[in-house]
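Shared between the two complexes below is chain A, which pairs with chain B and chain C, respectively.
And then the complex of A and B:
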């Protein structure tokens, strides 16, 4: 962190990694590095956000992201309020903008928003003067997840540039995939997306990624693999064969890993579906960093909360 | 009542005029167009350094009355028209109730008579409630005064029903305006399918949903011999299909809207819901193809597809926001900025696309400045620049896709039947 001490942060909001420069991301990762140390201390708390209020505004059920933000905010001594809103009645009741403005009027400082609609965080950010952090919007972005993935990768390998990262699974409906692609490609990592055809969104090659429908190809050169959660219950999956079929063709198993680079890093944003996209042996195995990701997530979110609260108005 | 317009650069492609002239209007009609008219008039307008053109004929306007007067009314919509240099509009039938019966047309006609500020022509629905199930009484609609039929907003999925509609329209000599969209392909899409839908994480609308239906509508037009007009062409493939059909001699005309040659999908990367339109903004290549189609006369008409919506319906999550942008007050300036300034069209060609051709397509006696015609005139400062501001629209709604844009070309006067109805 020392070398970046003079760096400045100019973003009121964190809406997505598309909107950040490489330097912005580096600042967040470096800051997270020092916050990561704090998590190993006996007293895991610093006063950086004392007197600030963070509101977790969640329109989608989420345990891990919400709790991670809550822990991060508390480690920084902020006050945290959790609001869970039923999203099934979007067109009834209060609009997102009105809710945001009310939270602002309650003198909160930061809104962490999770929403099922792509672009919801962008809209909220435009309409309130306080900071908005996107904790996942529709299929659009999940910037703090990608930051923690990048943080974990950098910690494990010491670099991001030139790293081969394969993202496997439902790319089409994944905000985690999009944020990872934006972030990793800014650092010169080589990203491959691997999925059945119907889960590859059109035009994604223009985001500087390689596309393959062959899992062994995706694993071949990979230094790391990010396995996405499969959601077979969604409407858009009607045209999809079956869960078993998917596991046969794309599931990450020990046999498949044997053919990959030694020491390949296996990541997953969670919650994992054992036996659906990843076998238990791999999820719990030596290559897996899934639980480290969870811990690193706190440090990364502390860094985001910290810098967003420092933003020049 | 005499109105004299002096020294303006008169552009009237209908009469092949493109030079400095004076125009005299008497009792609502043009009486003389020539140099150096020197008579006493009740109103004299000095139009030196200005363009004087036939008022715009906008054949794609949603006035929302009856039923959605919170978005727009005949009164407010025609005020917006006046501000935009538009003197005739075709009111689309997707109102509440739909314009699908003689009774509704009579009611709307009364409202028009009482409150309209410019000429309002009525487009009837092709099917009852525009649901694509049962044809309206097309002969009765015609008798009641509609000059075209359309289910705009919806396309008739059944080939058989569309075929029946075209045969009926042919019999009644009515123009059929096609909203060509295959909803089984566009589905719940909200932006163009491709890198933009992927980048924004939104459901995509493939171009196929448009041009596949354009092709069908043209095939049925050819077979039936009815006059068919393709509304809001947005993509290169549609342009090419129409081009080929015209070469073959099919009786088809086509229109596009300013947002399809002035904006592209990359403009909505910050989820600006005012740019959520249907069909969606397409790629930069499509914009070029639409411009090319305008240039080579594949696309005959520029129409605004003025689609007013309240803020409650627009200032929400992108996927829940309504489709549509207002356009009456910006269509001329966007056309000047994106077509004339870029030398896609000359001024004279623009006037053809925006005034003369739509009048011809609709077979109404508008769009030219010849003696004896209605004195519907727009006077324009061609080089004046202005910025589209959310504050100050005459329309009841503010959902313009062009808010914040700097445009060239400003309406100074709008004259309807010899009376100044708007002055900047």
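And then the complex of A and C:
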């Protein structure tokens, strides 16, 4: 018999993993298992969100997250509208709240928002009555990425509790790191963050993580590593010497993996920079689950879209 | 609230045995036959029917489990939130004779969802319906091909099927509740 899931979901919005309980996250991950099966069918579609409209409102460039949300919504039979902000009225000076209220007036049901300001999704969620899903806000949170990382880990290892997970790379600017830390620690996983000093944000130790500047130490006990992209396009990254130097000190290579636990899981939220944070051999190698993450991301986002639309006040 | 047992362990066993024979008779054998049960208890009964046929005919029938949550037309109307299980159909249903199994046939809406869900997996040759209990009160033009027992009920009553595998006993009970009847889920 499959275990009984007593479903209870009260959240209108998904803003971050900080605000969810372990049970909430478990419900999302379990539901994602059901949706994962649908992705293997010949007809990859169920009518669960028929008649609902999902608006993707992206203030930052993003291909994979937006496409993933779009695929997820379409697999649930929702209608999807993509608003590319570069060509919208935002350029004419409309505020985020006004844009949100207009989308609500258009009778959409869910807004998926990506914004460069931390807290943007929270503010939008407070100001509209329809559901808001955070697809990444500034350096704050990227909850669906962390959920898909956790889903992939749970699928691979069968558990999250007690798992050693190292997050390597630009922790300071990373909403992916923050959401992962919130989520994983709620399940009792042990999280280590590894980066050069300047990319370790002050106060991170309060999030119940181990900090190291030594990549071999981060790999040592890890059951899984989550390799973050080095965002060299950022202006403040000019403080860091060069991509090659980063690769030498922190890049995940086959040499380094040899010293790690056998079967260590290598994750990356993408897009990957080959030869910067990860070598091609590792990215394409047997330990890598990078492409599985992409597929799992659809299932996880289907679960999130499904439950926010089911929210009971 | 009162309880009335309407089907005992032995009667359930006999009904499943009879249904198994009827399925074989109706399909003139086991060729192309697959059994798919609706989660949770429909799947349990489907497994019992398949086991029975396998014992009688030395076959190894494919058995699948169907979760219909994402096909419901009342997701926003029901007061309780849905409980989600996995669908597991590890075989091709194209051109097969499917026996869809559920525990109780009532309004017919669950079966409607089941039919929609099955057809998304391919084009079976036939879909037949087997239920342990038919309690009447249909809201859609759906009927069962194989019925364990017809039990006339009032809409204020609740038919509770318990099976060994899920509830540690085999029984069917009618639960009569107050004026508004039991909550429909």
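Rule of thumb we're sticking to: the second predicted complex is superposed on the first by the 300 of 313 C-alpha atoms of A that agree within 3 Å, B and C clash if a C-alpha of one lies under 4 Å from a C-alpha of the other, contacts with A are read in each partner's own complex, and residues count from 1 in each chain.
As a convention for this text, contacts are C-beta pairs under 8 Å (C-beta built on N, C-alpha and C of every residue); 3 or more make two chains touch, one makes a residue touch a chain.
Predicted, not measured: the structure shown is a model, and the values here were computed from it.
Asks: In the superposed arrangement, which partner chain does A:47 touch: chain B (first), chain C (second), both, or neither?
Replies: second
Asks: With the two complexes superposed on chain A, say which partner A:107 touches: chain B (first), chain C (second), both, or neither.
Replies: After superposing on A, A:107 lies clear of both chain B and chain C.
Asks: Considering only the touch criterion stated at the top, classify A:8 as touching first (chain B), second (chain C), both, or neither.
Replies: The second partner, chain C, only.
Asks: Output check: A:119 vs chain B and chain C. Expected answer is one of first, second, both, neither. What do you get?
Replies: In the superposed model, A:119 contacts chain B only, not chain C.
Asks: When the two structures are overlaid on chain A, which partner does A:262 contact: first (chain B), second (chain C), both, or neither?
Replies: Neither chain B nor chain C is touched by A:262.
Asks: Name the residues of chain A shared by its contacts with chain B and its contacts with chain C.
Replies: none
Asks: Which positions of chain A touch chain C when the two form their complex?
Replies: By the definition above, chain A touches chain C via 1-2, 4-9, 30-31, 33-34, 37-38, 41-43, 45-48, 76, 306, 310, 312.
Asks: What does chain C use to touch chain A in their complex?
Replies: 39-40, 44, 67, 69-71, 75-76, 80-88, 116-117, 120-122, 165-166
Asks: Can you list the residues on chain B that touch chain A in the complex?
Replies: Touch list, chain B to chain A: 193-202, 204, 270-271, 312, 315-320.
Asks: Name, in rising order, each residue of chain A that touches chain B in their complex.
Replies: 18, 90-91, 95-97, 115, 117-120, 122-123, 126-127, 137-141, 172, 175, 178, 201-204, 206-207
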